[in-house]
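I'd like to ask you about the structure that follows.
To keep things simple, chains are lettered A, B, C and D as they appear, and every chain counts its residues starting from 1.
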Amino acid sequence: MSQGNDTAPTTAELEEIYESTKNWARWGADDERGALNYLTAEHRAAAAATVTSGHSVSLGHDITTQPTPETPSPAHHHMLSSGDALGSSGVPGYEATQDYVGTAVHGLGITHIDALCHMFVRGEMYGGRPASMVRSSGALANTIMSAAGGIIGRGVLLDIPAALGVEFLEPTKSVSVDDLLAAEEAQGVTVGEGDLLVISTGRDARRISIGGRLDPFAGGLAGLHPRTLPWLHERKVALIGSDGISDHMPFTSVPDWPFPIHMVGITGIGLHLIDNMRLDDIAAACADHGRWSFLLSVSPMRVPGGTGSPVNPIALF
Amino acid sequence: MSQGNDTAPTTAELEEIYESTKNWARWGADDERGALNYLTAEHRAAAAATVTSGHSVSLGHDITTQPTPETPSPAHHHMLSSGDALGSSGVPGYEATQDYVGTAVHGLGITHIDALCHMFVRGEMYGGRPASMVRSSGALANTIMSAAGGIIGRGVLLDIPAALGVEFLEPTKSVSVDDLLAAEEAQGVTVGEGDLLVISTGRDARRISIGGRLDPFAGGLAGLHPRTLPWLHERKVALIGSDGISDHMPFTSVPDWPFPIHMVGITGIGLHLIDNMRLDDIAAACADHGRWSFLLSVSPMRVPGGTGSPVNPIALF
Amino acid sequence: MSQGNDTAPTTAELEEIYESTKNWARWGADDERGALNYLTAEHRAAAAATVTSGHSVSLGHDITTQPTPETPSPAHHHMLSSGDALGSSGVPGYEATQDYVGTAVHGLGITHIDALCHMFVRGEMYGGRPASMVRSSGALANTIMSAAGGIIGRGVLLDIPAALGVEFLEPTKSVSVDDLLAAEEAQGVTVGEGDLLVISTGRDARRISIGGRLDPFAGGLAGLHPRTLPWLHERKVALIGSDGISDHMPFTSVPDWPFPIHMVGITGIGLHLIDNMRLDDIAAACADHGRWSFLLSVSPMRVPGGTGSPVNPIALF
Amino acid sequence: MSQGNDTAPTTAELEEIYESTKNWARWGADDERGALNYLTAEHRAAAAATVTSGHSVSLGHDITTQPTPETPSPAHHHMLSSGDALGSSGVPGYEATQDYVGTAVHGLGITHIDALCHMFVRGEMYGGRPASMVRSSGALANTIMSAAGGIIGRGVLLDIPAALGVEFLEPTKSVSVDDLLAAEEAQGVTVGEGDLLVISTGRDARRISIGGRLDPFAGGLAGLHPRTLPWLHERKVALIGSDGISDHMPFTSVPDWPFPIHMVGITGIGLHLIDNMRLDDIAAACADHGRWSFLLSVSPMRVPGGTGSPVNPIALF
């Protein structure tokens, strides 16, 4: 198992993967939750039952307001009134500070979840719904509201660099099914139906190793090989997350399939994706506890018409 | 126990409550977590152990983008690219939609958590820190980052209207310690150290009953009587939340103490407050399960320098 | 000439007005400037030649950040760094304050100009261009960039309340061609080709007279009668502005033609419209100078893809 | 007259320049307009009288929404409803598109005007007002509202590269008084009281010559030598603008005086500054007309409490 790239798939192979993993009919014509349907109350209860120490960990990055190569369009955090204006309300004794926070939901820096209306294949989104259902005034279907009740269940971390004996994956490295299986074996965990699968590529370690400045556009990001898609489909995971964007940066050279994990995963399989997770603390906590599964809670903002949401996932051991 | 108001406290009484419940020395001079310190790993593990059905419920309202009396300055949800621009990336096959979401953190409509830098008493915030530490460029202490690791523990719902046999509290009603005790008894639950206490006043039912339009500025909101503060202090709750803002609207007529729950609670006791929760689903779920405690997960955005965050709390039964 | 409403037109009459005043072929198939083509260099030079006193006046309202019935979605003015953070740059001696300003371009409060892509009739905008040319990623034609070079020429104020001997128009009043002619005669001015025509309805005086709170949705706004459209077309004005929105609020009851001045004026004639001007100072200046024409400068923000811009028009006498 | 840098001033020399050019007492203790007081009605009328051809030119750059080294925090232009949502109003026949535009006011890319509250020297702004008057809730003095009535008068372009016989100034070049005088002589124009002085350094030509990507932080910007400040003071100009920021980038190495033109100019002399103007069209128009003066109109957004405003200055020949 080298750090080199697997052979690239052809367009025809990706077409075939897309068609064979498509879940549009699995949960009925009206379904907008996709693979989240795998995550049942029983699964949630079982995940809660594994909690032992009560140690909790965040898997989110801080919101960034300064432009960087990873966040060329960062968030805004504007103080509306700070300590210099405590008396401005006109109500004696009322001394409050306030702020405003805003952000583009997607991108390569902010920890966020993709709704099923975020991605299309040839003008169709999950369930075969047309582009015209995502309007300038908001999306009419497959919005983040499908996950507004919260996503809570068993999280599983597969730490690929650890399984491969490296500190981090090179950006050209494609995570293969063999790599996923190797991590399962090394960690003694089996990814199963309804799991919230989190895959580490060591992005944060890589950023540190190259001096703190990581440019995904110029320097790339490691990602999953498209041939992992059938495996994700068979394992019936409810969601995948990554410290990268699951797909490679820059996008693949396969014609018409630049981001196969997003394209097949979101549109075909119905996977909500979490991008740009922070995985150092969770990896340490997994090592401390000697187990790579935990209760994971992901709670999107309830944005009607939204294509996703910033999130701060919380693990409980 | 009438629906009428308890007697109003005097300024002197509030001063005394403020001084006697102040936790500034309890967890060391550098502490910025306040009552969240009551919420330990043991508490979290115990809360997880109570999970049975795996049923999960959101306690957050939808983000509103239209101005209403409850949200005169609502959030922004701007589509950055919708279905009409799928081909705009220039990358063949890349068809994505994107959006922007922004919001004032505080107010009377959005479900949000207050950081300990949100409120001051005579120029001092929690820990005695000065107003100058909350700057136009962001807060330097007591920020929402104190809770960025997530708040997960035992949630307890006290349903005051149910305990009092009414559908909702009138806005002039002050929830007293007796009311809280009555709810505990009616529900068979005891609020204890480290709990995330959620108090229902029936706000959503009241909105429906008056035709769907509730104006907190003109028509008021029910709140906690300031004499509940010592009780909250003694019970060592880690956080309180409400379908209102815990305080009354309009503010009390006690000179210099317009919002005593915010002022004493946040500044003195060190309580993070969650305002404007949606409590209909959780009340129904409590009734279904015959218990008024559950695992509750609150996960703020990780905003360095922030005075709070929109949240979408998730309960797991 | 009563303050009552003229007879309402029929849908058929509006269809006829739309077709007979349409300028789509006048300036070539590629034209995106519409009636601004009437405003020539000669016209601008002649307007400048009328300047005498050098007195200048703004015709814009202050940007509002507080919600009111006229601005339910007001602008944002966020200080990014104020006097409490002078030393935050890290550069000794560099002490600067900064802010952010943002606004929805249209609406009933902010002084703004409408680009020709702001309005459609049955899916077509000026020049017969389709709805698909205004995308979620920005407009591709008829944008405010057509006026980005600035609009400077002869402004003419027609003060209708003054001509009718009233302080302000009642919201039900429709300004007729007779009213416009009466104002011309009373003021001794003739509206001509290339003029920037500003029409006062006394909105600001009306707001004051009713206690400072004007609700256009509930209480309406005076506007132009649709039968003024052929007159505007014949006079070859380059642009019209108003202290209202030129159209009535609430919209007319003529089926399919709710805002005929916007619909015919922008889409058919190619008129850029300026809404919500402040006209008290300019009216006083006109009276002082004994003339109702002046050099007028309107300078939109250069927003590629924009549907309009906030403006602060400046008159020079 | 070389392209090399003049000798750098000392801190003591800048202190002396600051004190000797300070205008705090010139127009009374309450004055907030500073050097704009030089711009009188007579001046404006005289400027209008010079108009001949009626040719008009914009001196503003397009608003940029993509991050670049010149605009690391660019503006936002968000479509609120585009052509895909024409029917969304619910009013038959009402088909409108709308958008939102927002921007940080200052920086190295956007064409904007600095209010007199934008800059401080040792905690004092123009008129000796303290830092506490610029609050997180907005500035209380020296705001952009001082110029809200518009700035219209005689503009003069001094084209320094043309006078020096080069295409553009190197970033290390400091424009000296000799350079200004040379440009005056070459162009046959004399800068006088009340003028709106625009100084070209050839920034746009330089950007083109280096391939379209100009990084002011790394590659610098040409600026005025601090010894031009007494000259600007003596000439009694009302305002200065530049295609750069008038100051050098990176800032000077004189201790405590990193941006002397901003610091002395805004704070001491009371000069409003316009940064990042686009000067190619105006230079061409000046050459065409054989004169380097024109009527110039600058119209800030009327932002109460604002530290400046984006502007699109318009010249009329």
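Everything below uses one rule, namely that contacts are C-beta pairs under 8 Å (C-beta built on N, C-alpha and C of every residue); 3 or more make two chains touch, one makes a residue touch a chain.
Given the structure is predicted, the values throughout are model-derived calculations rather than measurements.
The chains in contact with chain A and with chain D alike are B, C. For the pair chain A and chain B, chains touching both partners: C, D. Note on A-D: its contact pairs, compared by residue number with those of B-D, B-C or A-B, agree for more than half at B-C.
For the pair chain A and chain C, the fraction of shared interface numbers is greater than half, so the two copies use mostly the same residues to meet. Between B-C and C-D, more contacting C-beta pairs join the chains of C-D. Rounded to a whole number, the gap between the C-alpha centres of chain A and chain C is 47 angstrom. Our note on geometry: chain B versus chain C, Cα centroid distance of 45 Å, whole angstroms. The centroid of the Cα atoms in chain C and the matching centroid in chain D are 28 Å apart.
Residue numbers of chain D whose C-beta contacts span two or more other chains: 76, 79-80, 82-84, 100, 132, 135-137.
Those residues of chain D that touch chain C in the complex are listed here as 40-46, 48-49, 51-58, 60-63, 76-77, 79-80, 82-84, 86, 91-106, 117-123, 130-139, 145, 148-150, 152, 251, 255-259, 262-263, 295, 297, 299-314, 316.
On chain D, the positions that touch chain B within their shared complex are 76, 78-80, 82-84, 100, 135-136. Of all residues in chain C, those touching chain B in their complex are 67, 72-74, 79-85, 88, 132, 135-137.
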